[in-house]
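In structure tokens below, several structures.
Two complexes, one shared chain (chain A), two partners (chain B, chain C).
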Partner chain A sequence: MAGWLTIARQEFRSLLRDHRFRWLCSAVGLCLLAVLIVGWQQTQRVRAQRTAANAIAREHWVTQPPKNPHAAAHYGVYAFKPQTALAFVDIGIDEHAGVVAFLEAHKRHDLTGTAAQDGRTQRLLALTAAGVLQYLLPLLIIVLAFDALAGEREQGTLRYLLSLGVHPRTLLAGKLAGIGAALGVALLPAVVGSVLLLWWLEDAPWDFVRMALMAVSYLLYGFIFLALTLAASSRWSARMTLLGMLTFWAVSSFVVPRMVTDLAARWYPTPARAAFDAAVAHDIKQGIDGHNPQEERLKAFEAKLLAQYNAKRLEDLPINPAGLLMQESEEHSNQVYAHHYARLWSVFERQVTLHNAAAIVAPVLAVRSVSMALAGTDVFHHLDFADAAERYRQLLVKTLNEDWAYNSTPATGETYVADARLWTSIQPFTYTPPSLALALKQQWLALAWLGGWLGFSLLAISSAARGLTAVT
Partner chain B sequence: MPPMLEAVHLTKAYGERVVVDDLNLQVAPGEIFCLLGANGAGKTTTINLFLNFITPTKGEARINGYVVAEHPIETKQWLAYIPEQVMLYRNFTGLENLDYFSELAGKHYTKRELLDWLASVGLSAEAAERRVATYSKGMRQKVGIAIALAKEAKALLLDEPTSGLDPQAANEFSQLLTRLAAQGMAVLMATHDLFRAREVGTHIGIMRQGKLLTTLAGADLTPQALEQLYLDYMRN
Partner chain C sequence: MHAKLWLSVFRHEWRHLLREKSRWLAGLVLSGLCVFGAYNGLRWTTFQQTASAAFQKSADERLAAYREAVAALEQKQAPDREFDARRPLIAGMFRVFQPAVLPPAPLATFAIGDRDLHPYAFRITMREAAVQPDPENPLHAATGWFDIAFVVTFLLPLMVFAFGYDVLSGEREQGTLALVLAQPITPFALLVTKLAARGVWLVGTMWGGGLLAFLLTERPSGAALLRLVLWMGLVAVYVWLWLAVVSIVAAQGWASATNAVVLSVVWLVWGLLIPAAGAGVANGLAPGPNSIELVNARRSADHAFEANEKELTARYLAAQGVPTALPAEDFSLRALARLAAVESEMRPLREAEAQARRRRHQWRSRLAWLSPTALMQSLLDGLSGVDADRWLAFYDQVLAFHETWRERFARRVLPNDLIRAEEVPSWPRFTLREPSLSALYLRLAMAGGLWLGLGGVLLWVAGTRVGSASILPAR
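For the complex of A and B:
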């Protein structure tokens, strides 16, 4: 048996015999399993609720009584963000971001239906599997590995090992593998459980690919902490290693993310709701940056219509101008909304970029972003859904306005009504989340820092192998 | 044929403080070289230099003709080491400890063979199956010797091996050491136990403040000479 395997086996057996390990791993393993099951139940319930709500909303839409199409546009429809299967592992921002879009004429609404309104606050004090992996796993690793080498040196067994001709690199590789295997055993029930739970959520195969990638990213994250702890343990005393690594864990997991959140809010502030709405209302009326006010636009559009149909008065048109004027007004407000939401999205993106950039000092920020992206619950997925809902809103309103315009005359006015034939001809809203490649591309900085931390931990472990000595 | 253990102008200094000063010695197969000296004489540092736990400031430690600092891993294949306190894994039995260290030394034994090695140093099968946490120092020392034997090393480095052992265990240890030397093992033992050194040593080197002051043949030492040695060199 290769030397590193012998050491790995010894470390593995040693940990299994250690009651600290058994207690800690049981606690973390059970906690992980519990939050996975609770998260899964919650996800299943939310998905069922949203499917049902979608069906009810569609039913309401197609069974609405005959009415003017523009009135139907105000009646509106609801679009529910489908919850991704992996939300049971990482709920991401879905916990506090809206999931329901009300789509109607003239107005782009923000998503509503946040956690407090759909009961998800009951989820084990918001502890999720991702949270356990991001915060408790490193703690478990530190507690189990801090004396892996320092303990050998302090007990005197390191002298023995090195006197046998064991290369420090072999020793470190064995320790890594042994502790890693023991942790693997501890987390195995949760891993198997999450695969089964995903299977029972009956989702598309790409979710398993995402889950596999998520597992890899957490594996790398765990490796980073294990390698850094072993590197510290190779140079410092056990006590110093424990103290140093716990400080690093606390600062990188809690202090830095909190600071970055505050900095992001200060450097890239989002406008207050009232200010945002007022700015939109102003631009709709006056035009973006004061150009092309609404009244002038509509007058110009009327002139264009009269010229197009070679008519002198609107009443002489063969179509109903009210529908087209409504649509023209809609096009204008669409531009205004697009302009303001693009600016708002840009602020969100800058905030996310700042978070990801801060992963240089806090690996948890990198793995958190990657995890949420893979679960489909990050900011980019949220914005993508909001944009998709907005595109559908615009198409819906345009279809209704044009039906009114081209199926009636000026004389008909607002008395024109459409019926279920029109309502059913409009396809329901469907949403396809961004592809895996696109989701990961959006988080390139987080991926880069995860890679950077991996490289740094490999360097640290390699340097530890060179510097490992039995004599201090 | 080169000596199995050799120090050539071996020097170790920490800044201005020289802890091993131009040490020259040779230990051939079958010889037991005892490094005698008071605390701080440089004995353990010499052992550490042969183990490459520290690098020499000047000179060379050689094992089987190979310079230790240049071949730190290769030279360990001929070497076994028993420290003053043999520290083992407390959660494992003596048998499991021997199995682990033997595996790492590249030796693969069956359970029967491992028990035989332990029996050869006086550790019963019952004791071998007990966790090391329950062992006395003497029992741990026996496992340490068994590890050295199982490795089938050509050279043995001992750092105060009988310190803290009861007289019977120390005597057994001396007999074992003599037997190993008779089988061709080269032994370098750091000790401050004059009587033990005279009992087993083929050569006795007196160290003081890092210097090897003199080397005597163990067989030539009379009790009077021993007493004089103590008065001359060992008292701080």
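For the complex of A and C:
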């Protein structure tokens, strides 16, 4: 037992003395700290701006002059998607997802206002902490560990070690622990920095739990690459190990994700804007799947109203039927939108599932999904906000339509105005992100593949230990 | 004598490459990736063309339905009401729209570009020129797409490194370098001829892949063929540059493994980190209002108008100097005054946003010269017509068309000049005037010159280094 610790200590000290290690780890460590700080400043600014924007939007709503409730329903409300605290570690899809929701009557608008539309994004390697950990950390590990065993073999020291009775498993465990510890020391300032930055930014305890889980997932990711590199190094020459692992890194990190994007778009295509809008308009007019066209529906509703109030004509009703007819129409279009957006969301979800499934050949896809889910910056969180905004829109419009219906009559309907009493009675839109458990549940496949890769790397290193010899 | 020896080494190296199965496999993979990338590009351009045609069709149908509605009102001699379809403001704001689409350019299948940054369709009404984005999974936008431009820009340098990292060190580690240098050939000549053979192989593979992709996915035309030729030239110069980088590293006399590590780091820093940092710098140097600020500013302007609607509408009327028969409470009059008031408030912010966008683009273009991958990406996007320059030219034309489209209706509101059915077919449509490619050609020439020159300098430095360095014993 003490054997692996001795080897680990020796490896650790040797690495700390190695100028290659000091240079590379300093560079990556500094890069990580820098992107954390810049990301933190950016997140602080964005969160403040969106909080202020929501307050301004509320102010606009409650101070609008007296007007017909239906006019107010078209004036609408803006809601701005809040940014999560951990976005400073992993910005996820946030720069490519809309943040502005315009909530008005009759129409469900898509979220707009992406950073991409503002012309501010960089695609291949986002300079965030997540980007550094997902793409640079494996490269660092490969460069440090590719000759851990192969180099010993080529220099002849491996034969000496094995002849002293050091068990291959002990040797591998020691190398793993030593290199891992050295990397840990190099990345420690960034870890401490990120905890401090989160503490300055936010005091929600669950965010620290999320950060801890992110750290665990990146630890596993780093372990996978380290174990695979050591396993390769125990079987192949240093040159082959380096080439092989670099190829694996380049293909899995840069080629596979993009290929999966195109395959997902090919197998699960999304509609063009015109086709989507035309399908929605058709279903609103004709009913979903052609059943229950709008005219018939509204006629039936009118008949129901007349029967309910025992009146012969709409003009005789004690309430304003225009408001209720408007609401009836609204509820139908809500169903139509729900139907079409559910189909669209389902396509997105299948695309995301394909990305997660492709983690079988690219562990970066697994850790990326898990990291984004923990940071609250994945597709699931985005769609959840869009749905929450839509629920609020429906409630807002219903409240306004019913106020118009029940506070006026057919004679006074056109001149009826509501005022600040109505505007302020409608609660402002507040959004609560999904719980941690729900967020992780969505990523079960990515978590499974992360576990799968961990298992595979343990198997690889175990098999490497059995087959370790002093010659290749 | 020297030339014959160089040629002999080249021929030997070439035969060696032809015999190696792994090189053939690499070549096939590279060509295959080109074809896959082109098919992705074809899928996207087909989608875009179909979507654009459907968008145009829906606009035409809407216009035809509007014309029928106006004709019906004219036939019935219906009295003019506040929300009459013949009212110019009602028509311009609510009843009709014009689509503005950016069609795919020749060689569009070779680069998909930044689809979410550069939307290809706008819906133009009297009120605004609104983007018409297709519903897209934001995860895809964040990841990026696999096209030939990606293969060339990011994977080709890795392939160059894979082919060249052990060009001298491999021979040394196998023990054959000393034997080879016993021939009357200098280390530099050996380095250059070996790299040349690999370069020809790689360029040939990329040209083959590109040509096959072109035949399978593009409609041959003069413009497309010209762009293909330019593409091939650019690829060749790009390979030359990265081979020159390999030569510098190879000339140091390091072990193959060390060469591989150094080249990986060079690719990472020069190819990925510098462009990423450049984008961040460009954003920092050209800050401007973002979408949230624009939305809230517009809303505030709207809100301010609503609070003093009567007074501001009267002021607007007085400023026009045009008498109107419309009552003060008329919807069209109020809406026009509101539109004018909000536009007036928003203009400085919009101009600031447009200027900031352009400045960011300018900075990105300048900073792209610091990284061959950033520059290559922008040039390949330019050859395929999906670059920022073409999009900005399109966007400028959209805004200009929107101004004239709005004015067409706005000037008729106060005199209450009703729309007539017979005039509807003669309304203008948006037609793109393709921008000149002279700026692109200039950038291509400058980039080619820069890379040829830089590659030459790197090779010369490699030559001095390999002459003086002791490359025979392993380090």
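Operating definition for what follows: the second predicted complex is superposed on the first by the 458 of 472 C-alpha atoms of A that agree within 3 Å, B and C clash if a C-alpha of one lies under 4 Å from a C-alpha of the other, contacts with A are read in each partner's own complex, and residues count from 1 in each chain.
Assume a residue touches a chain if its C-beta (ideal position, glycine included) is under 8 Å from a C-beta of that chain, and two chains touch if they have at least 3 such contacts.
Bear in mind that the values here come from a model prediction, so they are computed numbers and not experimental data.
In the superposed model, A:T469 makes contact with chain B only, not with chain C.
Touch criterion met: A:D18 reaches chain B, while chain C stays clear of it. After overlaying the two complexes on the shared chain, residue contacts for A:G165 are found with chain B alone; chain C is out of touch. In the overlay built on the shared chain, the residue A:H70 is in contact with neither chain B nor chain C.
Of the two partner chains, chain B is the only one that A:Q10 touches; chain C does not reach it.
In the superposed model, more residues of chain A are touched by C than by the other of chain B and chain C.
In the superposition on chain A, contact of A:R47 is made with neither chain B nor chain C. When the shared chain is aligned, no partner comes close enough to touch A:R153: not chain B, not chain C.
Comparing which residues of chain A touch chain B with which touch chain C, the overlap is empty. By the touch criterion stated above, chain A contacts chain B in their complex at residues 1, 3, 6-7, 10, 13-14, 17-18, 155-157, 159-167, 469-471.
On chain B, the positions that touch chain A within their shared complex are 48, 51, 53-54, 73-77, 79-81, 83, 85-89, 91-92, 100-101, 103-105, 108, 147, 151, 157.
Listing the residues of chain C that touch chain A in their complex gives 33, 36, 40, 43, 47, 50-51, 54-55, 58, 114, 116-117, 119, 121, 131-146, 150, 154-155, 158, 162, 166, 173, 255-257, 260-261, 264-265, 268, 272-273, 275-277, 279-280, 283, 288, 290-293, 295-296, 299-300, 303, 306-307, 357, 360-361.
The residues of chain A lying in touch with chain C in their complex are 31, 38, 49-50, 53, 56-57, 60, 63-65, 78, 80, 92-93, 95-97, 99-100, 110, 112-127, 131, 135-136, 139, 143, 146-147, 238-239, 242-243, 246-247, 250, 254-255, 257-262, 264-266, 269-278, 344, 347-348, 351-352, 355, 378-379, 382.
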